[in-house]
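Each chain carries a letter (A, B and C) given by its place in the written order, and its residues are counted from 1.
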């Protein structure tokens, strides 16, 4: 039984996905919180899409973009990079599904930061980038972190998009959620139960820490 | 109370260590992947155990290495049509193989039937009964009959076909509970939510709290076939054909039989 | 010399003000909603007027005619908002040094000595009293080497005894650092002690300018 290997692989992928999605999500959240620009509503909608679309549909879109015949996959193939049916696809699916949660939580965090701090920093000569890094981000950090934990937890449980774009290849792309599905479909209920308990434990730890961080956020 | 910013800074430090270790291990793991290129076989999830054993035997004989991808046949078919890098497709039914064929994604002349399955009627182990035939389903004591959803699940399609052929569909259709998969139908019986289910014989074999009441004989029931074919876009046509040959061979047949297929 | 001549629309509120100040400390005086803070914001570059110009000591900060609109970073204006807005995640020292500008900033020791906040440098700003926060915010603005200091109700948030203690610090800034001050107030006592020009505003218009000699206030 390679339950621990599957759990470890899933945690690694979810961690990688969270790290990949963190910088763009934080920038998007900040832009949505502080700037008005043309196409704002479009950006907001696109970012939320993975939340409202069936995960299988998200997976199919990823698959069509990244397969060897797809517009992105064709370019990547030229550099010898295969994404579909590899751990990279797992990470990507998790990242995409976590994006809306991270953006929304971080957005709420940035909105809570008093604009006055940023304005005063500007009058003190700080560039927009410096204001973002020294004022906005540190003050919104608890929310950003809570969002990251949520995205991580979402990645742990990701099934629909993962099984489509990464498949269920034992030892290569099998995550906890995908393996649980596989085990129940083949009648290995006790194996599924072990993975289920591991998932519950990891998810509980992740969500508990998110909850604590949100609670400690300044009012 | 500790001010929030100090919590934030502590957390930032934690994140750094939390991230550095898995990342290093991850990179190490990625570089340790095996070098020779295996063929990728997408197979119906119900074949998981049997095909894993077949692929192991294939590797033991030094014929090549196989990467197995298991899923619901309709998902696997959609993956192939969308351009997923699959070399061999083994479907749980002809319909999903037809979907791939219609998209022009099968290599001509490679489509073969590899294993057969049978329908079986299962009942809860704590309420065992033996059927003399399919018409026993009309027994009023059987209030709920779980089958795979005939609109989507191959096992459900077969079950409905068979009931119609035997002229029983109208008599029992009010008691039919469609389930999302053949496993879900089996679980309905195991949990006692249904009094009987029509599932594959292979599923009935491994059920813990359901027993087989009757197996539909080969000559009476629907022809249940797992078709296989090489995908047209494969980069490894020779290796793919070699694996298909092996799957149809005598050694593989013995393994499939061990898992209840014929 | 501060020359502000702007028209600024903000929802249903329209500010149309022409103000020339040539003194060490000028007060913008009037009831709330008169547009006092809006003028400070416009000078600091935090709100953009629809038209007009803002010139400080011959430097054009804003001119709709010449399409000049310096960002706040380049205006060299020290701004202390009403709630002082000390950065809560930094200690006093880091707040003071945030806007430090080599070549422009005064000596830190001199500023903290003058404001008597030298003992607070390593304290968290969340632990400071109201008067201490005012002085640190003042110090932070001064440390950016401003050519003009904008104070929004510098004494409104503190009680009367504290007010009497902070006022001398403002006088020191005015007289020793020689940074001109424009500040918003609706407190007569404060205005009389500090300002040598009082610009009276009401409903977005200048309704009078008082100098010590012609003071019209009762």
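What to note about this one:
One rule holds for everything that comes next: a residue touches a chain if its C-beta (ideal position, glycine included) is under 8 Å from a C-beta of that chain, and two chains touch if they have at least 3 such contacts.
Values in this document were obtained by computation on a predicted structure and should not be read as measured data.
Every chain gets a centre from its CA atoms, and the centre nearest the mean of all protein CA atoms is that of A. The chain with its C-alpha centre at the largest distance from the centre of chain C is B.
Taking each chain's centre as the mean of its C-alpha atoms, chain B lies 74 Å from chain C. With centres taken as mean Cα positions, chain C sits 45 Å from chain A. Work out the mean CA point of chain A and of chain B, and you get 29 Å between them.
Looking at chain C, one finds that residues 88-89 touch two or more other chains. Along chain A, residues 138-139, 218 each make contact with two or more other chains. Annotation for chain B: residues touching 2 or more other chains are 3, 5, 8. Per the touch definition, chain C reaches chain A in the complex via residues 44-46, 71-79, 81, 83, 85, 87-89, 98-99, 101, 140-141, 144.
The part of chain B that touches chain A in the complex is made up of residues 2-5, 7-8, 11-12, 15, 18-19, 22-23, 25-26, 29-30, 40, 42, 45-46, 48-49, 52, 67-71, 75, 78-79, 82-86, 181, 183, 186, 203, 206-208, 233.
Across the complex, chain B is touched by residues 11-12, 15-16, 19, 56, 60, 63-64, 67-70, 73, 82, 84-85, 87, 138-139, 141-142, 145, 148, 163-164, 167-170, 172-173, 181-182, 184-187, 189, 213, 216-218 of chain A.
Chain A meets chain C in the complex at residues 114, 116-117, 119-127, 134-135, 138-139, 218.
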